[in-house]
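Structures incoming, each one as structure tokens.
Presented sequentially are two complexes of chain A, the first with chain B as partner and the second with chain C.
Up next, the complex of A and B:
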């Protein structure tokens, strides 16, 4: 029953997201534009940077944009459509439906990585080679999990806000900057690096980059993987607590309207 | 007439900003664009392996105006339709040009502030040296750039009458501006067709003119500035002509949209 709800929510969410022009931009056009921009910026930086920074950076920027402009705003869109109260009160459980929406969005958003890769190969003949393919797949699975959980925290935080659109816009670039999507976080000032280290996508991106170059230190790889999972677990706990708090507040106030 | 123009401009601004507290409004108008500026300067410092970020501070400071001029103005008619005022505007027996310009007044002012603030932050954070730069000419270049970008934003706003995918269009244009204005990498890296497109777009000539102010030989400064003003004037005329066409179509067909 729960899996059926999760699956049908995922499929429905993918269809709903794809018809929105902003999501189509984030998913289809954004990775192409970012790949061209980053390629031109990294042209003199050496070939080894293309896959790790241009393709991966542009793809992940597209993925994060999709999450920011969809998962973060979906609750607001349900409110606008008048269906928020219905899905909140449904016996299928509200968190399960939100999780289905987020997983659907995140899986569909992975297409941006593929589009970025195809753009780089077709337009710029970027050589395609993955140093450690199996570890890359493991890192990618970890990345998806990390993004799903971080999206659920953001979705919870924005449930009762009337300024979702502002926060959606303000979340995009800071996270891309802090997590080092297109440059190593080591170039940031030490105080900012401390903040970066508290964000699980930072580790996810480092793992993806390590596996693209080819993992030479397996212990370091799994160590980073463990840290990423630990932080992601903390986010999951935070998301659960936030949901319980919102649920209690909504039941006392008997309204899902914005604060 | 002039008083009504400024009152209308204030009302448009109030309509766009009333939902936000002052600090949120500042975050939206200045904070987020500045983080974008820092982000692209960090990419440039890493990819071009340079500490001299003057060209990127200039380019990205000019691009800061896109938030106000492109997104703020471009969505005007989309918003009017959303709030149900499009009918009143089209059928009102008043001149439409002052109405459109009133819509862009505050956006252009905020765009100028954002650009000026971008230069200030650029000099403080990235150590861009303004000694020896003629500040009056720099201010004049900013005004010309904002005029051109605002006119371009007005033309984009007209697309709201022929398309329901304005978020897609505006974000696409924003991406194209980043690639083709020479803000992020030298235009000489682009193919001939790309360089031609760059000359048609707003901001390209202002960015080049501002870069010249940092050089001992100002060379083509005045022709570039005149070119930027001419580009803006062409966009303003196109926007005005397009609006007239849309207005006639609306009166003839009894519909407010051409899609």
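Up next, the complex of A and C:
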């Protein structure tokens, strides 16, 4: 029955997100446009691995935008449509419902990676070669986990405060830059790099890139993987702690509804 | 008689931002020390002007809002702290067009909520069809809710409120915006719930409706109780419940 809650929320969320024009833009148009933009930039810069920077960069930017505008904004949409209070007061666990929403959105958002890939292959005949396919899949799974956990922290903050959406919109671009979605983090100033190193997507992206090129140093790969999981686990613990308090906090602060 | 709702000296305050910038804060006493109780099987009315504190009271009873102080028990459990015991056994309907997933059909809405109420597959199949028929949505059940009229959306709300067979149903202005047939259907449903031994707590601005339906009621004004009892008791020597209501509110002017 818990699975039914998770699964039906996932499906509901995918349906709801997909009919929203803004989401469709982020999901479908954004990766195409970003792929073209990045391709032109990298072509003149002489970078050879279009897959690692153009496709991955554009795809991940699309994925992240979807998360910023959807996973997060969805709590507010539910609040304004009056359904947040309804789902909150059901016997189903609220964190589980939120998790279902986030997983649904994230899975749907993965489409942006695929769209970016198809754009690059069709438009620019970017060769499709993955150095270490299995490790790439592992890195992808890690990336999804890491984004799901980050979204759940954000969603929790949003349930507690209506202002979070504003902060979310301000966070979109900085994360793209800090985590090295479209360039290696190593070109950032050292002080900023320290910040990047505390964010789990940084590692996720490095892992994806490593596996695209082909992993030569397996130890390094799994080491980074371990760090990514450790940071993600830390976020998960944080979000677990937040959710423990959420049930009481929102009822004291009266933030379930707009009124 | 088993008391399924017990409210004692209940208070709730809101802190409201009064200025856009700087910290202008004002405390609003939405519910200011009310007490009442409801027995199992009763239809109980909560009447009062806009802003009297009716919705706030219902939110505290339905585990959506924490009381600032006082006692608020539903089915013997504290609504803040023991909400897990309460939630599967109650449901609530807020009037108006909010609170349904407009991009889903009526059937999908009900399916989703029956999952959240942890009903088994077999129960779901049985209940959803019966409820759709009860609120007269069966032939439009598979159309998206965004294509529904106001009244149909409200009937969908009612259906959602019945999905878990609640022992207590809370209704906040359930007939607002319903056409005469829709309003009558709702009154019939409410009476039927009473026949099944369920408890209903409702708010309404239609005093005739309240008089017709309610076994007992309280009138609240500016967060405080100003009267309580059976409709006949509240009416007293006034000709209609409306006359009595107007007098009580006038007398309570600050």
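As a convention for this text, the second predicted complex is superposed on the first by the 246 of 259 C-alpha atoms of A that agree within 3 Å, B and C clash if a C-alpha of one lies under 4 Å from a C-alpha of the other, contacts with A are read in each partner's own complex, and residues count from 1 in each chain.
One rule holds in what follows: contacts are C-beta pairs under 8 Å (C-beta built on N, C-alpha and C of every residue); 3 or more make two chains touch, one makes a residue touch a chain.
Fair warning: this is a prediction, and the values are worked out from it, not measured in the lab.
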item	value
First, second, both or neither for A:244, with chain B first and chain C second	neither
Chain B versus chain C as contact partner of A:87, first or second or both or neither	second
Touched chain A residues, chain B compared with chain C	B
First (chain B), second (chain C), both or neither touched by A:174	first
First (chain B), second (chain C), both or neither touched by A:41	first
Of chain A, residues touching chain B in the complex	20-22, 24-26, 29-30, 33-34, 36-38, 40-45, 49, 53, 162-163, 166, 169-170, 173-174, 176-177, 182-184, 187-188
For the chain C and chain A complex, residues of the former touching the latter	14, 59, 62-66, 80, 83-84, 87-88, 92, 94, 98-104, 108, 111-113, 115-118, 120, 160
For the chain B and chain A complex, residues of the former touching the latter	19-20, 24, 27-28, 31-32, 35-36, 38-39, 42-49, 164-168, 171-172, 175-176, 178-179, 184-185, 189-190
Chain A residues touching chain C - in the complex, by the definition given at the top	1, 4-5, 8-9, 12, 15-16, 19, 81-83, 85-92, 97, 247-248, 251-252, 254, 256
